[in-house]
Amino acid sequence: MPDLTKAAFTEAARGVYVIAPTPFMENGVLDMESTDRMVDFFLEKGADGLTVLGMMGEAPKLTLEESQAFVQRVLARVQGRVPVIVGVSAAGFAQMGALSEMVMGDGASGVMVAPPSSLKSDEQIVNYYSMVAETVGEQTPFVLQDFPLVTNVFVPVSVILKIVGELPNCVCLKHEDWPGLTKVSALRSASDEGARRISILCGNGGLFLPEELARGADGAMTGFAYPEMMVEICRLHAAGETERARDVFDAYLPLVRYEQQPGLGLALRKYTLAKRGIIAQSKLRRPGPSLSATDIAELEKLIARQTARLQHLN
Amino acid sequence: MPDLTKAAFTEAARGVYVIAPTPFMENGVLDMESTDRMVDFFLEKGADGLTVLGMMGEAPKLTLEESQAFVQRVLARVQGRVPVIVGVSAAGFAQMGALSEMVMGDGASGVMVAPPSSLKSDEQIVNYYSMVAETVGEQTPFVLQDFPLVTNVFVPVSVILKIVGELPNCVCLKHEDWPGLTKVSALRSASDEGARRISILCGNGGLFLPEELARGADGAMTGFAYPEMMVEICRLHAAGETERARDVFDAYLPLVRYEQQPGLGLALRKYTLAKRGIIAQSKLRRPGPSLSATDIAELEKLIARQTARLQHLN
Amino acid sequence: MPDLTKAAFTEAARGVYVIAPTPFMENGVLDMESTDRMVDFFLEKGADGLTVLGMMGEAPKLTLEESQAFVQRVLARVQGRVPVIVGVSAAGFAQMGALSEMVMGDGASGVMVAPPSSLKSDEQIVNYYSMVAETVGEQTPFVLQDFPLVTNVFVPVSVILKIVGELPNCVCLKHEDWPGLTKVSALRSASDEGARRISILCGNGGLFLPEELARGADGAMTGFAYPEMMVEICRLHAAGETERARDVFDAYLPLVRYEQQPGLGLALRKYTLAKRGIIAQSKLRRPGPSLSATDIAELEKLIARQTARLQHLN
Amino acid sequence: MPDLTKAAFTEAARGVYVIAPTPFMENGVLDMESTDRMVDFFLEKGADGLTVLGMMGEAPKLTLEESQAFVQRVLARVQGRVPVIVGVSAAGFAQMGALSEMVMGDGASGVMVAPPSSLKSDEQIVNYYSMVAETVGEQTPFVLQDFPLVTNVFVPVSVILKIVGELPNCVCLKHEDWPGLTKVSALRSASDEGARRISILCGNGGLFLPEELARGADGAMTGFAYPEMMVEICRLHAAGETERARDVFDAYLPLVRYEQQPGLGLALRKYTLAKRGIIAQSKLRRPGPSLSATDIAELEKLIARQTARLQHLN
């Protein structure tokens, strides 16, 4: 039985929610020992929360049983120290509801849902999230994942505000529009003028994190093989040391950029996590790309240069 | 336990494979009694096979347990008299494999897979179906569902021929490109010249059935509230009575056209099936459209005119 | 110099605006003699207006000089007897403005603009048409072309109403959504309740014309090789003879359906117009499809059956 | 009359071809004096070529007359010192041919064509470029612009190689796929093994320039407000000073990343060019975004930090 202690996930969420990959063994089976090590690592590095079964978690490649087993393992290891959010996007509400009920019962603190690419108008998006809110239940906080590059659904500011206004259990926006800086500013202006203020946690591998924080975002919900970078930048930003925050950011930027490549990004991140000793090996489940010798050599060079820059910085 | 007797599904498949909707009760629960009646009705009207859990079967709205229960009910009622094909399209191969293994074990004769909208090149489509063939297993015949209007994946003739050449368990094309008449002709030319000849069963609600049969298609795999129309046209075509086949087709065409509207079509079909006493009621699971009074009046008028034309024809 | 007499094009537009193809000679040059014959033919058959340089007019294949020469020829032949609408959709407003000014100066009665596929939200669509209205000028009536199958832009009823409310020179909707019957009903409800009533002229080759008229559409703006069908149905509908209108419609429906195939449709229409002696030959400019012997044989059979049904009807 | 002296544009093209924006005056009219200054600036900074009327050149917002006037002004200023490439992508071949003939007659060295979003299969892409090659004429070298993020057309390596094999006047790939590093490697492997070797010039604002050069790209064809960065990196790479090249790259990277935002990027670039005194002001033609005070403050901060880093570097 998983521990049912759960940390609260509310509009006040801030800091770094690390998007966790799903570790596999060489034979493609879930690697539970690596899962434990990965959870420990993210918490040691200062993660304020974890998000699992997101797009970068290879969720669609897992069976329902595997999804549940993985979530339970993560929850058992976290033991309620930080909120765990679970991606429950699904082709139908029956599936979404079943998965959501399962993981919330297991001890997750909230769920995340991206809009399906079939949505074609503002009204359809609002209606969809009304059904999401009803499906997961009013006791279940949910994250609106706004990632048009992948979903092909553009969610205007007015639509986000309508969802926020109508659905109290929408407590967080995973902001991943690109370009999206204007969107952060517009949402913060709206909450300054009286709209309910929800948490804005940003994605895109942290590629615009300093600018996003400056415009009022509350942190990041994304993946990067060095989550300590995001934690440090959020800490420095909160402390008002914004120039130092940018220095740290710039030192990591060449690798952030490289890891942020669509398609190849997760393979690069898993390679680095394996190199750092966090997960046993870097295998992706099929279908998924594998790294060439050239890819690996480039990545190693970027890691080496990053290491040197960080030493220089300290 | 379901009866494991199963009818063979091979390249020789021909005639009418009715795409079966999934009946629900007023409260949204699967309606198993209507399911039995519907199976009996389709077989009495001369269906050569049934296809369940397709796009028109509201498959994405079912949980895995419901999908299995529905398939088992259909199989138990069919008792191996005709092949039953099950749609197993899924976001990942682990899910597809699990569902495929389940239904083939339960007594299905084959599975159907549509390409995911993420496929971007000819080579990616071929690779995807190689993985499909491996996932469902070489003992499992599969249908390639070619429906670009919904999938946004255009599958060229050369790609279909490559899949047919490389994957022996691809035994049937559910042909639903639009316009697709040229594609049927090209595929038949290729098999005349030595390519493996697979079954071509056409979709689009039968809207081009006379032309498709004339170009070498083997029948239809689609839905229409009057499956007897498709059965009769296939029979007349096989008997060489093509003018009579067109007379019958023309009598039904105004309704075929009306029922073929994207989005609203399934609601119209379920209304008519309920009116005919086949299913208890016409409810779609959410999210799904409902018919207005005007829609229903239009549909009733078209049914009345169709009835009059058919009497005139006989 | 073209005759500057022009017929008014207003919210009161009704009846059949035939979408005119652009005739070419065997060598690909504009065929001006066929253009004259085609104009005469459409007017003799009762067209209430003509629309040129639409998607079916191969507009993107013409140079600016050719576009102007063709429009001037049509206008010179029409001599102000009916309104002539010109498609001026363009990648940029400078181009749209230049073409619009040119053709309105030459004697056109209005212009038509489809939304570019880059539009992603309700607000962007409204803003786009605000700039269209400004670009073509408040003296120039324009048609909003709503054709999502081709443009990939879904225009909700609320957006159309906003455009109608804000832009007085939007006088007509070319309604070509599919399914779109609900949209016609919703727009008519809105104008019954006080929204400005604009003309709704329907597309899709007339495939739903009886239902569209019944729901309050004012006519058709589309192409079909037998425009007399659309004229007759509008006339019968206006006279209250709706059953007779449906009889006529049903007689033409097998061919309407066949000609309505995306991609191939224009080639089929030009073949039929050439067969009827209206245009000299059926050539499309490259890139464009050509008909196979099988396509032509099918088309001839459908024409022969249609002729027989019409004789039977009278 | 423009000077007809023209620099050759061949498979041997290398270095930096700067994508030039189109300067406008406050009232929206073409700014020819800024155009001259901009040409001078790019050549002084070491550009090996210029590309005008590309996506970043606001080409679709120009009328045909403006396009020609702008190209003639650029050509007159360049006076054959470097090749000038002109974007001639158009909705139809008649338009493309007319523009291509015009600019090649005026003294351009080559043209560039992106695939239209309607292309759906490998074969369609190859056929399209066959018609492009024929339309622009075998004496006109052309650039294949591969930019799927904007065009929605994925061009596989096999398709590029087929185009290169069949069309001798395809001399350059503007490589802008993302991720695209694997594509560069695959193309270079193919030319090593005997395929015709064409020039590969990379886009995406230079965001992956060091990696692209390392994999065999010949340079960049893209825009950035500091083209001297790209020139310097190409020079250092050619000299074997790859670590130094990366140091320079890293110093500019925060701004490269910021300027590379879709939608807003051109406005940022024009702001910076205006700030540097190259163009008179930063106005974009409508429809186009404008910068907020926050955008400008962020940009200024990034420029200031870049300036400091560069001083530190030297």
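Labels for the chains are A, B, C and D, by order of writing; each one numbers its residues from 1.
FYI, contacts are C-beta pairs under 8 Å (C-beta built on N, C-alpha and C of every residue); 3 or more make two chains touch, one makes a residue touch a chain.
Here the structure is a predicted model, which means the values were calculated and not measured.
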item	value
Chain located farthest away, centre of chain A as origin (C-alpha)	C
Residue-number overlap at the chain B/chain C interface, same or different (half cut)	same
Inter-chain centre distance, chain B versus chain D - centres from mean C-alpha coordinates, in Å	48
Length of the line joining the C-alpha centres of chain B and chain C, rounded to whole Å	34
Rounded Å distance between chain A and chain B, as computed from the means of their C-alpha atoms	39
Multi-partner residues of chain D (at least 2 other chains)	none
Chain D contact footprint on chain A (complex, rising order)	178-179, 181-182, 185, 207-208, 211, 214-215, 246, 249-250, 253-254, 257-258, 261-264, 292, 294-295, 298, 305, 309
Contact set on chain D toward chain C in their complex	58-64, 66, 90-95, 98, 117, 127-128, 131, 285-287
Chain A-facing residues of chain C, complex	120-123, 148, 154, 156, 158-159
